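Quick heads-up: structures coming right below.
First chain A sits with chain B, and in the next complex the same chain sits with chain C.
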Partner chain A sequence: MDWYIFVYPVILLAIVLVFVMYAIYFERKVIGWIQLRKGPTETGPKGLFQSAADVFKLLIKEDIIPSKADRPLFKLAPILAYVPAFSVLAVIPFTDAPYLKFSNVAVGLMYYLALSSITVMGVLLGGWASNNKYSLLGGMRAGAQMISYEIPLVLSVVGVVMSAGSLNLTEIVETQIAGAWNVFPQFLGFVVFIIAAIAELNRTPFDLPEAESELVAGYHTEYTGFRFAFFMLAEYTYVFAMASLITILFFGGWDAPFGLTFIPPLVWFILKFCCFVFLLFWLRATFPRLRGDQLMEFAWKGLLPLAIINIFVSALLKEVPFLSQYF
Partner chain B sequence: MGNEYLVVVVFILLGIALPAAALTVGRFLRPHRPLKEKAITYESGVDPTGESWVQFNVRYYLFALMFVIFDVETAFLYPWAVSYDLLRSDMGLLILVEMAIFVFFLLLGLMYAWKKKVLEWK
Partner chain C sequence: MNIDGELIAFFVFSLLAIGGAVFMINLTRVMHMALALAFALLSLAGIYILLEAPFLAVMHIMIYTGAVSVIMIFGIMLTKHKVDAHELEPPRFGFNLLSLLGTGLLFAIIMWVIYQFPFVTTGVESPAFKVQDLGAELFKQYMIPFEIASILLLAALIGAIVLARREENE
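This part shows the complex of A and B:
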């Protein structure tokens, strides 16, 4: 039994919490700049302590549970949403260095996809237990949306699994280092994956479950203080996890492009990771929200057939003499 | 390799410990002044009317059914994809044809749902 397997997860938790605080700050800044505003400026130098102040504010807010709510489920929901968000990080390899790999399980990708779908239950439960009409609508929408987009999400990475012949995320990266980044041979899979991933994260343009202009705040309307904070924390922890996963599955993880190996692998990982976090904020500032009916039809009629086509095209391209090395 | 799953357990426990700790610490920091009005369900500032736990559109149930069907499909696709190269060297393209037949029947189901307008959100 090594002591560090208990210490490193705690360090990662601290890193994730700091990331979430500054991701929110950065998001507000980026959206501010895109909309010709300044974003937060008052709290601390250049508003850098804004998110810390927000967290503290949430901590000292009164905890109100509506009298009509289902109390045990109301309390359970944010925890059920948050626990899988953090637990999926166990299988993410950040570099090839053994100390930055937490758990090198053989079924890493499966573990991630299976666990991340538990969050939908927390969201659905929160919406239902609040006994509020907006919450219920938001929760039901979130449930329908997240299960619909989970299918294309899961199917779009089958091509990646086929080329690596493994579900282990480290091996998937090593296959890409030996061959090409999956974003090129698996481009269709990548497009389907990133759209489905944004829908799974409930972020704009797929933020119907918490559409503030029609549903107040959706499933977390009745939540106050730190219970609300855990729904937010779950969302941004998933941003962290999903940006890492996209980097690993499609962009070679810590692989250095153009032979720029003098830059350490971890720095490459962080650079690619940051590009995706930025992409999510950028999309939020530029895209309008989708209509509910379009959203559901798009998952089943658009993305699902595309994901299945991608599987069979990848399988067939394995037969083409020159191309087969990339599939 | 037993350690790998121990780490997973550590992550899950840590995931439970953080909300538990934060909500416990919060209990000492936050005020507690319950009022009857505070505990009323929010409904845009007016008193809530009727019950929220109502019967819901059956469409959600249909989507849940579709989800179960295709999620089971992925459970079959993943082991197939992992061992694809291995099986291909063993039995050739038959392995691809077999999966194509399986997916074809599922797609028939999808087309049926499409035709029955289950996939439309009206």
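This part shows the complex of A and C:
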């Protein structure tokens, strides 16, 4: 057992925390830019310390637990939401270098999808334990949405798994380096995956659990201070994890396109990763929110059949002589 | 018996699983019970990992912790928040004794079956079993049982939808 097994997760946690702070900063900047505003400008040069100041404010706030709340569950819920969000990062291979991936398990993809479903429990319990009707409704909505969209999410990656013949994320990237990036042959799967992923992340246009005009703030209405910060942290850690997963599954991970191999693999990974993160901010600035009933119909009647069609088509094209090298 | 990491991990996971089960029985609020059950199921997945069955462990987390427990919590969410202590009536005389006898008998039968079962205890080295092998076995050798099980589940699913629909119309 090497010493870095214990040190690297701590470094990764620090990287994730910095990512979360600056993702929030860039989100505000990008949305401001799209909406012809300036975004944060006051704290630090060009407002660079705005998120740090916000986090500091949250950490020194008074810790309030409502008197009618279920105290142990109220305290447990943010932990239950955050721990799986960070533990899914254990299987993400950032490059093929041995020190940049933590655990090369054979079922990495399923591990990610399975652990991320535990977060639903944290959200539901947070909503229930607050003993507030808006929290309860927000928690129910979040739970229903995350469960419903998990099914197309899982089914849409079946095509990728079939083409790679493996559930290991490193092997999935290696088959893409040998063949083509999955986004081209698996385009339908990619579209379903990206929509389901945005819904899993509870982001616009699927941010119904936090619809402030209807639900005050959703499942974390009663939360303040560092517990609220933990829910937010879990949400943005999932953005980090999901952006990494999309890069790995559909954009060839650290693979350099057009033979530009003089740029290091990690840089390619970060570039592709940033494109997805930007896409999320872009969607948030330009899309309205869906209606609740449309949301469920879309998952069950729209995305689920498409994901199943994608599996059929991939299985069929795998047998066609010329095309089989891409599937 | 040599004490290594695997043994320690096994005891930790067993303790967590049994602890979760004990809490599940002793807690009074239904929501806490559901959470204790989810915790026990999650700890079982840890034992599967120790048995070098990562696929089983991951599917276990996905189905039992991620789906079954969440559905249970979902159902319980709309129930009453506080439980009144005097609603729980004290157990009748002899009730404890009877339940002890029953569970003791069940435990004895299970232990007897386990000791009768001819487990291979010699150090036979099983060939490395990969996830690909599992898929190949399932879809080649055990194709028909697999399909029958899936049709059974599909029938149950459609039956549930039909039952729920009928109530909605009335």
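FYI, the second predicted complex is superposed on the first by the 327 of 327 C-alpha atoms of A that agree within 3 Å, B and C clash if a C-alpha of one lies under 4 Å from a C-alpha of the other, contacts with A are read in each partner's own complex, and residues count from 1 in each chain.
Keep in mind that, in the parts below, a contact is a pair of C-beta atoms (placed from the backbone, for glycine too) under 8 Å apart; a residue touches a chain by one contact, two chains touch by 3 or more.
For clarity, every value in this text was computed on a predicted model and none was experimentally measured.
Set against each other, chain B and chain C differ in how many residues of chain A they touch, and the higher count belongs to B. Contacts of A:Gly165 after superposition: both chain B and chain C are touched. Once the two complexes are overlaid on the shared chain, A:Leu155 sits against chain B while remaining clear of chain C. Judged by the touch definition given at the top, the superposed model places A:Leu125 against chain C, while chain B stays out of reach.
In the superposition on chain A, A:Glu42 contacts neither chain B nor chain C.
Legend: residue contacts after superposition of the two complexes on their common chain; A:Gly292 is shown touching chain B, with no touch to chain C. In the superposition on chain A, A:Tyr111 contacts both chain B and chain C.
By the touch criterion defined above, A:Lys61 reaches chain B but does not reach chain C.
After overlaying the two complexes on the shared chain, residue contacts for A:Gly139 are found with chain C alone; chain B is out of touch.
The interface of chain A with chain B overlaps its interface with chain C at residues 68, 105, 110-111, 128, 131, 136, 140, 143-144, 147, 150, 165-167. Only residues 68, 70, 72-73, 76, 105-107, 110-111, 113-115, 117-118, 120-121, 124-125, 127-128, 131, 136, 139-140, 143-144, 147, 150, 165-167 of chain A touch chain C when the two sit together in their complex. Across the complex, chain A is touched by residues 29, 31-32, 35, 38, 42, 54-55, 58-59, 61-62, 65-67, 69-71, 73-74, 77, 81, 130-132 of chain C. Of all residues in chain B, those touching chain A in their complex are 3-8, 10-12, 14-16, 18-20, 22-23, 25-27, 29-33, 36, 38-44, 48, 52-53, 56, 60, 63-64, 66-67, 70-71, 74, 77-78, 81-86, 88, 93, 96, 99-100, 103, 107, 110, 113-114, 119-122. Residues of chain A that touch chain B in their complex: 2, 5-6, 9-10, 13, 59-69, 78-79, 82-87, 89-91, 102-105, 110-111, 128, 130-136, 140, 143-144, 147-148, 150-151, 154-155, 158-159, 161-162, 165-167, 216, 221-222, 225-227, 229-230, 292-293, 295-297, 300-301, 304-305, 308, 311-312, 315-316, 318-319.
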